[in-house]
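There are structures below to look over.
There are two complexes below, and they share chain A, which is joined by chain B in the first and by chain C in the second.
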Partner chain A sequence: MVTEHGSAARARRIGRLVIYGSLIALAAFYLMPLWVMITTSLKSLDEIYGGSFIGLPRSVTFEAWSKAWSQACIGTSCTGLKPYFVNSLMMVIPAVLLSTGIGALNGYVLTKWRFKGSNLVFGLILFGCFLPFQAVLLPMAQVLGKLRLSGTIPGLVLVHTVYGICFTTLFFRNYFVTIPDELTRAAQIDGAGFFRIFFSIMVPAALPIMVVSCIWQFTQIWNDFLFGVSFTAGDSSPITVALNNIVNVTMGRKQYNVDMAAAMIAALPTLVVYVVAGRYFVRGLTAGAVKG
Partner chain B sequence: MATLEIDRVRKAYGSMEVLKEVSIAIGSGDFLVLLGPSGCGKSTLLNMIAGLEDITAGAIRIDGQTVNDLSPKDRDIAMVFQSYALYPTMTVRQNIEFGMKIRGVPAAEREKATREAAEMLQMGHLLDRKPSQLSGGQRQRVAMGRALVRHPKLFLFDEPLSNLDAKLRVDMRTEIKRLHQRLKTTIVYVTHDQIEAMTLATRVAVMKDGIVQHLDEPQVVYDRPANVYVARFVGSPAMNIIPGRLKDGPAGAELLMDQPDGGVSRIAGVQISDAARRKYAGRPVLVGIRPEGFSVAAPGQSAVKAAIEVVEPTGPDTLAMFTLGGTEVIARLAPKAVEAGQIADLAVTTAKVVLFDPETEIRID
Partner chain C sequence: MTRKKPISDRVADWLPRLVMAPSLLVILVGVYLFIAWTGWISVSSSRMVPSYDFVGLEQYYRLWATPRWHIAVVNLFIFSSLFLLVTMGVGLVMAILLDQNIRAEGALRAVYLYPMALSFIVTGTAWKWILNPDLGVQKVVNSLGWEGFVFNWITQPTFAIYTIVIAAVWQSSGFAMAIFLAGLRGIDNSVIKAAQIEGATLPRIYASIIVPMLRPAFLSVIVLLSYIAIKNFDLVLAMTNGGPGNATEVPSTFMFQATFRRNQMGVGAASAMMMLMTVAAIIIPYLYSELKESRNGH
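Let's look at the complex of A and B:
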């Protein structure tokens, strides 16, 4: 009895050990590139070319970071990533807010104000989720040209908003479907109109899915390269395009430390968003809307 | 307080007719219960009164004014939903004040109305909670409070008690009745529970398949149901519907029903009009007798012979099952009046017997 109990406990402990061991090994494997990036960005160029690529830096220096931020040359101008970081912010903030707002409104109409053919409309919007970026490049370029928004940040905002609506609509529709129709009916009888119901009842109930939509859109738009490189040039590029230019267009010795620092700067905002709001992301995806 | 008139109203979803010419009129202060099985169109009709569904044909008038084209907020109604439909992100107080806020009621007045409603429904201590922190019964109260503060012309209730447990349902039923007696507002109340209908209503409309089968005071619906369907739907246990024959004799109309032993039970002195007596003489009829229409016969009293098969004591009385006219019959008798296996003589209260035409199943007067 006692030994049985003891051996069962030991088996469980060994099982635990195996599980944690392999998890740690896998995590280490996946974190390896990040490790290399961080250590490299903290080394001087001489040290890197001196042969130590993997190890810890002998002396830590933030020179590469400050160079990447404010001095690195992109094309002919040596401004660092700073202005492009600002470009990306100016693009991502309005685009996230607009696409999330429109998606919420779409989801509301598609669930609470159904009309003849609303299911077809939803189907078509859903179809938009599966359209590859490449398919919309040319028509989008034409539209931007007609609107005189080619090569501008507002143009990129428009592109990302339009492309994101499919996803945000899907999020909000599936969330609002779980909110009982009786709620909107009660509000109608209370005298609330279309927008009053939306802002006073639907939006406050939709906070979890708002977080999901914002995180999703933020990462998509911040990390986008194709639209950025296709529809902007020079000063108005987003950070992903500038990063590519830093890495590709250096002359002389390749500045690995600056490249790594620049890549980390470009990735930082999405990392921060995940760390800060990541748990709401999971919670929002699994949450039902309303109890009682 | 208002009158309500539903005038030849129809509702169709595409080619599917959900309501087929429904006409109901009730007076000011009436408590109308729409009673019927699931899917018969009760909620649809209520939503049409509220203005949440379009009216395919016909007219609905509140206080004589046709409201077909008025939006819900202009109809001066309040509604309590089956799922309560409390706004989940608002506190109880905000839930109750929401409608008043939209209508631009000043803060002081809102506060006063909320306090009054909270007092009436004994939920003052709940005002700062969210709906998710309330029990089912408390949510029910809040939903009613939200309707009360509006002082509408017309209250609409859609199965408001169906999500509560049995005990609470009875309590809330009494509370609703008390509320109605106090406010005297006209109420339309949807339910599929015939006891709720009997206890609350001043007028009951029994519905089936989008048609009103019987509209009258609950006691009339119970005593003289318009057809076999209504007779079976209202009352528990249901009215016994026994195949029999009408015999016209010098002593008046007599009902004959076959006993399982080959004999014939006779009930004399049935109340029936002369015209109907002539029409149905010698023909089969359906005999409707409520379980409480039977009683143990006094010696010498005319009676049916009942071979009791099963006895179910309920406490206040005993239900006795036997066979008559080829169908199972339930009698509600005094406790311990009979035993299973016994042959009992049961008298029938002839004044409460109702006859139906076996083909149309409509009541014979």
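Let's look at the complex of A and C:
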């Protein structure tokens, strides 16, 4: 009896060991590319060509970072990523705020002020979340041209706001459904109007989903490449397009450390947001899988 | 009672619809009208600029007669089936492992999921570097003493598509894990306890009871990963740019090249419509069933 108990405990301990071992091995696999990016960006070019790939840099240098930030060539202009980083910021901030604000209003109407056909409206918007953008690229290019917005940051803000509304509406609609109708009905009886209820009841209650929406939109828009590469050229490109141009330079000795530093610069804003507010990011991520 | 409502009340009645109207208009134009517009270009003779004549399905015939498009379709098939299978497998294993009362579960989950916060251009750049045979993994293994080790898939036309699968799995399996884990947390613990009392081993319990109970999670994962697979564009562009040659061409890169680089707007539009139809065939039934279920649930 005692030995049987002992062997069961040992089997359990081995099982735990295997589980933790696998989890740690997986974590190492997931962290490896980030590790390689960071260490490579801190090495000198000679050290890289000398054959150090996975190890720590022998001497840490931030030269590649400063090159990527202010000197690397994108096409013929050697300005580094700085102006494109600014472009992305100018694009992402208004687009996030606009799409989140509009999504909040839409979600409010679709849950608390249902009208005939409001379910159809929601369905039409929902499909937009899963639109393969290739199907709208050509007309969008034409319309942006007609509006004289092609190749401009405001043009990209417009595009990201339009297609961002789909997801933000989904977020807020699914969140507001859980707020009891009695709350808004009581406020209505007390004489509060449409906007009064929205600003004094819904908005304060919606802070968590606002964070989710802002983080999701920020990540999506910052990381967008397709719209950027289709609708902009040269100076007005967002950072993802500029990064791709830096990396695909074929002239001369390939500067892998600068490539990696540039990739890290492009990744940092979303990475920081993820580290600070990952919980909210995951909620946005799984929203597409949660019942509508 | 027959008196008409004052005008302010009638405005108030219409206010919700008025607030909704601009968004609806924008979606109707930006999604549905634009789709129709693309459809129209796909049945016109457009090349460098759109022209709005009607040539029937000529562009579609031309598309399907293009060898490049065939490569793209075959690649999409190889890529999505492998990507779905491996991502789901890895994601499920991670979710099950994480569900065993793990210490530091939060930190591990964060590590598995962080790639989803990164741009495909960033991760593609990193993977291109890791898979570079002259300086990356191959060189490391060679210098460790295994001189004959070869891992140069990214430069081999027949194997390059698999390197994109590796990078895509790395980027998305945390996402599958998150959905599976949410599904696992929704399963009543008493089910497991009851089976354990009956004498079933843990692997058996998972294989025959718990995994079948994850069906809704599987459905979500399959649909969402298929969508990611079909629209995958940035990753291919960053890693191989469709090469070597056009060995890693996929429909999204084909569409972009035809439309913006090769002055075949009509063919590009036709390929975009093919992509849209594929996505719609997967997404619409899914959304329909999700919405119907939730309505019955209330």
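Rule of thumb we're sticking to: the second predicted complex is superposed on the first by the 266 of 292 C-alpha atoms of A that agree within 3 Å, B and C clash if a C-alpha of one lies under 4 Å from a C-alpha of the other, contacts with A are read in each partner's own complex, and residues count from 1 in each chain.
Keep in mind that, in the parts below, a residue touches a chain if its C-beta (ideal position, glycine included) is under 8 Å from a C-beta of that chain, and two chains touch if they have at least 3 such contacts.
Note that the coordinates shown come from a computational prediction; the quantities given were computed from them, not determined experimentally.
Superimposing the complexes on chain A yields a three-chain arrangement in which chain B and chain C fit side by side. In the superposition on chain A, contact of A:L156 is made with neither chain B nor chain C. In the superposed model, A:L144 lies in contact with neither chain B nor chain C. If you stand at the C-alpha centre of chain A, chain B and chain C are 90 degrees apart, rounded to the nearest 10. Of the two partner chains, neither chain B nor chain C is touched by A:V211.
By the document's definition of touching, of the two partners only chain C reaches A:A135; chain B does not.
When the two structures are aligned on the shared chain, A:V92 is found in touch with neither chain B nor chain C. Comparing chain B with chain C, the partner in contact with more residues of chain A is C. The superposed three-chain arrangement places the nearest Cα atoms of chain B and chain C 5 Å from each other.
Once both structures are placed on chain A, chain A residues 289, 291-292 are touched by chain B and, in the other complex, by chain C.
In the complex of the two chains, the chain A residues touching chain C come out as 19-20, 22-23, 26-27, 29-34, 36-37, 40, 48-49, 51, 53-54, 102, 105-106, 109-110, 113, 115, 118-119, 121, 123-128, 130-140, 142, 162-163, 165-166, 169, 193-194, 219, 222-223, 225-226, 229-230, 240, 243-244, 247-248, 256, 259-260, 262-264, 266-267, 270-271, 273-275, 278, 281-282, 285-286, 288-289, 291-292.
If you check the complex, the residues on chain C that touch chain A are 12, 15-17, 19-20, 22-24, 26-28, 30-35, 37-38, 41, 50, 93-94, 97-98, 100, 102, 108-123, 125-130, 135-137, 139-140, 143, 170, 174-175, 178-179, 182, 217, 220-221, 224, 227, 230-231, 233-234, 237-238, 241, 251-252, 255-256, 259-260, 265, 268-269, 271-273, 275-276, 279-280, 283-284, 287, 290-291, 293-294, 297.
Against chain B, the residues of chain A that register as touching in their complex are 180, 182-183, 185-192, 196, 200-201, 204-205, 289-292. Within the complex formed with chain A, the residues of chain B that make contact are 47, 50, 52, 71-73, 77-79, 81-90, 98-99, 102-103, 131-132, 134, 139, 146.
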